[in-house]
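Once you scroll down, you'll see the structures, which are given as structure tokens.
Look for subunit A in each of the two complexes below; its partner is subunit B in the first and subunit C in the second.
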Partner chain A sequence: MLEFRTQGYQGYSVKYSPFFDSRIAVAGSANFGLVGNGRIYILGLTANGIVAEKWFDTQDSLFDTTWSEAHENQLLTAGGDGSVKLFDITLSDFPVQSWQEHAREVFAVHWNLVGKDTFLSSSWDGTIKIWNPQSSSSLVTLPTHSCTYSAEFSPHSPSLLSSVSSDSHLRVFDLRTPASASNHLTLNIPIHTPPKPRMGTPAPVGIPPSEALTHDWNKYRDTILATAGVDRLIRTFDIRMAAAGPIAVLPGHEYAVRRITWSPHLSDILLSASYDMTCRVWTDGSAMGTGNAGMMKQENMLDAQGMVYGGGREMGRMGRHTEFATGVDWCLFGAEGWCASTGWDERVLVWDARALMQ
Partner chain B sequence: MANQTGRNSSAQARLSQVSDHLTAPTGKKGKDYLLEKHPDDIVVTCALRTPITKGGKGGFKDTAAADLLHGAFKALLERSKIDPNLIEDIAVGAVLAPGGGATEFRAAALAAGFPVTASTKSLNRQCSSGLQACVDIANAIKTDMIEIGIGAGAESMSQQYGPQAVTEFSELLENHKEAANCKVPMGVLSEKMAKAKNIPRSEQDAFAASSFQKAIKAQKEGLFEQEIAPLTVKWTDPKTDEEKEITVSKDDGVREGITAESLGKIKPAFSKEGSIHAGNASQISDGAAAVLLMKRSTAERLGQNIVGKFVQASVVGVPPLLMGVGPAAAIPVVLEKTGLDKGDVDIYEINEAFASQCLYCINELGLDINKINPKGGAIAFGHPLGVTGARQVSTLLTELKRRGERIGVTSMCVGTGMGMAAVWIAE
Partner chain C sequence: MADALCGPSNALQNFQKHSTVDRTLQQDRLTSRQSPSQGFRSSSGPNTGVLDAEFNAFEAGHTGAPQLHQRFHPPPPALGPQFAQHTHAPNWASDFQRLSLAPSYPQPLQQHHPAQAPSAAASWHQDFINQQASTVQASPQQHAGFGGHTGRSMTWGPTTFQGSLGAPVSNVAQGKQRAREDVEVFDEAAFAQAFEQAQQDQLHTDFEQLVSKIDDPTVRDKLRLYPEQQRMELMESYNSVQASQEEKNLSRILEQTERTRILDSMPIEDDPVLLHIKETRPMVYAAIKLKNDIDLGNYSDALPWIEQLKGLDNIQSGDVSEERWCADALQNVVERHVSSEITSAAESTIMSINERIMSQQSLLSAGVPVSQDRIWEELAAAGYTTRTPLQEQRTDQRSEQKKEEQPLRNDDDEMAETAGKLLERVADNTSEKFQNSQFLELMRRLRDREVRVEGDKMVDVSSEQTLSSPLPATATAPPEIDPMILDYSAQDFGMPVDSGMEEVGLSRHSTNEPITDEISDQFSYYNVNAPYHK
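Right after this comes the complex of A and B.
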């Protein structure tokens, strides 16, 4: 396990470069992101451990970052002052471009993985905005009317995007739909809907809505999304049958889940980071040969007993963070399983998830 | 400076946003959550009772249960100043009244000034009927079936106590062992239980004497005055047969100078070698009690004075022959449901049906004896069966308020083998 200290800055997000297997960006904030500066680190993985190749300071906290899919030296930051900034790591000190339209903290930025000419941002002001790096103002504003912690483009289509927000809903927008009062909203799925009862088991109890903090599109199955948040459960949904409720429910985290991300290599594997200071590896039970094995009882699911659904299970956990784990990302290159995590303990850890998987 | 203020408030907003992430999953439970005020809390804006008087010779010996209830209703309307037209449902717990008392309680409500639109029902879950009535109303408010309601209890053991209160068992029931156990008289089974659970008479007497001592002290200090609504009734003097009008404002079963030694001289009531007697069991009594319930949002809109809130109740069945263990079974369930630790609770009002069963429950749960029935209990001032559950609410909330404490539990064992418990918070 490799380690880097982001001295004075608590990590909020970590992202591997899509171009280099040895480059990681980390967004951090002073004073736990409550007040003060932000800093984006560009870290290099070298034979001598992790070194900071560059960093940029910002006026306000930084909550998320994403690499440009079009340009290997550029990346975006999500700022507490409502700004979205584009940095070029060959330059110094200042961003190449800064967009100031959001009225409150921006909590997610994401580059279009297919179109590569647009990116999005989502904010506590209850909107998602779509941008083009060449344009000085946003192209589209999609309202969610609810503090939106996470928004993402589909990795399979340039015009599909999704979000989760504090109203406990997963929204899917399709930009190909005609402009209308629905603002391209095509699906609005209540995340807290309990799964359909299985034959021979009692109907699951209703769960109250709670804030959804993170979600991710599956990289292989183009209709599968995973969500997680304050109720500590990770759920997966199939947008072809949204009304059926979650297809997998994965209990286990002891506090809110801050970030989840599907493996770029294995279609059933998920990684999560939580306020309970752990990062965990999960299977949703969809891979061949693993289904039903997960129906056995897990020791940490006392509260959630009976809620595990879909045959998924926790495969292992990384408990080396000593404060809230906030960011986690998979490395796209090399042997499947390398990942990086960050947290409020001011540390970036690079580790191999395969070592944990059982 | 203006800029700075802006930054501070945004830092505050971010902090509360993040802390929401952490509190929400467990936030629905536990002491801190329960002490929060929410608009959909079920609150008590008035809880009172008539005095409780000795069966057969006390101040209410010639007053019908419905008349006692009428008195409690009148006092409730007067004290709370609630518009009677706003009351949508009234539940009255009663155990001995033939037909459950359904007819005369509805009549009592009308006579007390409630309009015909205020519906009334009676219900019977034995000794927990009064609590069940409050819980039924609270649940009806919670589900928006009604907006405002009254949970009450009324009992005249003077007039209605006796063998006619239980229907003869059929052969089918008599031939089923556990079913037939439901008929075993309370005293007999409590005697058996005291023996089986090894609770000596000396401890029972000490507990009973302390109940009397706590009650007489509380009475002298005027600690019951707030919860009691005095009632003027007709009363026939047994010596002269003369009917007079008297005003009862005190529990007349409370006696001074009771000690464990003085109780030690009383003959056991149910068997020669027994340990239970008139002095360490609950008294046969008359009385009524009423509790006005609504949502906090409603209370604030109407300007009602909130005295406490209802949090949660539990009901658990136990073997009929061990009915006395009811509180020991029901209290852990309600604590689990609310996420409270037994130490978080400031006062436990556990009905003293018999000193033996109450003591057993206290020991079994490992409760602090100083937190139990601080103003005495049914041994000292009586246990009018259907009233007790509603009576405990006023006793508990006034004492919590006086001490500046917050969390209380009311509980009782229930004949035929059940226990019920509820968590209340004083405000």
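Right after this comes the complex of A and C.
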């Protein structure tokens, strides 16, 4: 396990570069993001441990970052002052470009993984904006009408994107649909809907809606999304049958889940970071072998917790963080288990999830 | 539901969406726009020649041209669009035009049967003239619009048409000039007199109108007795605010005028100290006078002072302590039970003062300047501090209460409260990590007010002592007096209970968004309006 200390700045987000296996970006904020500056670190993994190759200071807290898919030296930041900034790490001090359209804190930025010419940002002002780095203003604004903590492009289509927001809904937008009254919104899934009743189990009781903080598209199954948030549950949805409710529910975290991300190597594995100061590795039970056993058990009897659904389970946890864990990301390269996490303990940890998985 | 069940990339579904696309009005207009050749009276139309002949006949005055010239008005508004349509004629317009003006015009048959043309022409220009005759007086706006159209290239005889228009225009111009000459002929003195008379009449009618708006008959009668000068003043002050809030201010202005009249009729003050108080603190002065009159038994004189106190609270003294002091003085009067009339008047005045203080002095404002010392100093100088132990005790009590409230009512409070809530939620977590968490330690200190946010920094409160700062002058207008405020506000000045606090407390900017994220509520006191954003 490698460690780097982001002295004075509490980490909010960590992202591996899609171009280099040894480069990590970390967005941090002073004073836990309450007030003060932000800083984006570009870390290099070297034989001597993790070193900071570069950093940029910003006027306001930074809540998220994402690497450009089109340019290996560029990355975006999401600012607490509503700005989205594009930095080039070969330059010093100032961003290449800054976009200021959001009225409130920007909480997520994400680059289009297929189109590579656009990116999005989502904000507490209840909008998702789609941008082109060449254009000085946003291309499209998609309203969600509620505090949108997380938005992402689909890794399978350049025109599909999704968001989760504080109204406990997962939204899917398809930019190919005509611009009409629905503003490209094609799906609006209530996350708190309980799973369909099953044979031999009592009908599920209603679950109150709660804020959804994070979500991610599965990298292999193009209709599968995972969401998580304040109700401490990780759920997976299939957008082909959105009305059927979640296809898997993974309870376990003790506090809200701040970030989840699907493995780029294994279709059923996902990683989560939570306010309970742990990062956990999960399987959603869809993989051959591991999932089946869970399924069988599931069909025959209720799990002790009564919430587990879909045969998923926690495979391991990493408890090294001493404050809330806020960011986690998989390494795209090399062996399949490497990942990086950050938290409010001002630390970035790089570790191998396979060591934890059982 | 079918939408939700099918994937978004279903080709057929997209096709169906195209067919059911939400066409806005604009899109409708754009797509249904027709080519110019279909427009009204386009030059390429086959009927052009026929219509020219008709128009010539029309212009030659076959049907009462003089009448036309005399009563020439711009076309009725309904006809207006036609003139602009020779380039673009939407469907509806051409439909309308067919309907209203020339029923036989668009028929293509016309060109093959020239013999029918005269009858068509007759109906066309007769219709036109009928329309003109039935038009009511046109507004200047329509004049302008019409003039604009004549400037454009009109296919139906632009020159002749403009010529026919020319005559009435010059008539109007002449008429204006004549009128101006007439004015010069007037004797100036006579004119001034007449003007004054007219103004007075106007004032009278306006005043009557104003008076009739008042519900209270006694006030109405009183107003009718006003001399000329006061009427003028009243009207002026009324007119100056009329535009904004007519109904609300009407009665207030009337009351104010009435009170200044009463005040003016009061005996002139000769004591220089009291005179000073009268100028700087009219409320205190009125209260002193009131007390004086009651002490001396002049109950009939006392009533106007109460009235005046009530009226003066419309004047922005900006000094809460002064109003408080007056309320206390009135309370004293009430306690003495002089007469039911005075007691009830005093009580209602206290009510109105309280209402005003409570609705205009924001509960959350940093602090209210309480400077009763100066009042007492001034009164001591005037020799009025003979016996006021009761009052002093009470005001002290009040200011103490205020001091208690003040620290609870600023931004830090929200922060401390939010931090406290967050800590409550993790209170049952006894793990070592949570016990040693720096973030939670910061929350603890925020809750206990050892730390506070200042600008974009966390500041240790213990290291800096910047309390007792004076209230910054606010440029914003005070809020309206809420007449119902006493119904729902506590008057014992205890800790206010905000029922909305429960839901609001967690939001970063204390908006109404439902925030259930137990950790994100640390942001609830994050302030986008903080100076470092600017």
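Following the convention adopted for this analysis, the second predicted complex is superposed on the first by the 345 of 358 C-alpha atoms of A that agree within 3 Å, B and C clash if a C-alpha of one lies under 4 Å from a C-alpha of the other, contacts with A are read in each partner's own complex, and residues count from 1 in each chain.
Quick note on the criterion: contacts are C-beta pairs under 8 Å (C-beta built on N, C-alpha and C of every residue); 3 or more make two chains touch, one makes a residue touch a chain.
Worth saying up front: this structure is predicted, and the values here are computed from it rather than measured.
J.: Which partner does A:59 contact after superposing on A: first (subunit B), second (subunit C), both, neither?
T.: second
J.: So in the superposed three-chain picture, is A:187 touching just subunit B, just subunit C, both, or none of them (first/second/both/neither)?
T.: Second partner only.
J.: Just checking: does A:176 make contact with subunit B only, subunit C only, both, or neither of them? Give me first, second, both or neither.
T.: It touches subunit C, and subunit B stays clear.
J.: Between subunit B and subunit C, whom does A:243 touch in the aligned arrangement: first, second, both, or neither?
T.: second
J.: With both structures superposed, pick whichever of subunit B and subunit C touches the larger number of subunit A residues.
T.: Touching more of subunit A: C.
J.: Return the residues of subunit A at which the contacts from subunit B and from subunit C coincide.
T.: Touching subunit B and subunit C on subunit A: residues 32-35, 80, 105, 124, 147, 210-211, 213, 229-230, 255-256, 258, 275.
J.: What residues on subunit A touch subunit B, complex-wise?
T.: The touching residues are 32-35, 61, 80, 105, 124, 147, 208, 210-211, 213, 229-232, 255-256, 258, 275.
J.: What residues on subunit A touch subunit C, complex-wise?
T.: 10, 31-37, 59-60, 80-81, 104-105, 124, 146-147, 157, 160, 166-167, 172, 174, 176-178, 180-181, 186-187, 189, 210-211, 213, 223, 229-230, 239-243, 254-256, 258, 275, 277, 319, 322-324, 344-345
J.: Touching residues of subunit C toward subunit A in the complex: what are they?
T.: Going through subunit C, the ones touching subunit A are 1, 3-9, 14, 17-18, 21-22, 426, 429, 433-434, 436-439, 442, 453, 455-458, 508-509, 513-520, 522-523, 525-526, 528, 530, 532-533.
J.: Show me the residue ranges of subunit B that touch subunit A in the complex, using the header's touch definition.
T.: Touch list, subunit B to subunit A: 7-8, 10-11, 14-15, 17-18, 20-22, 24-25, 28.
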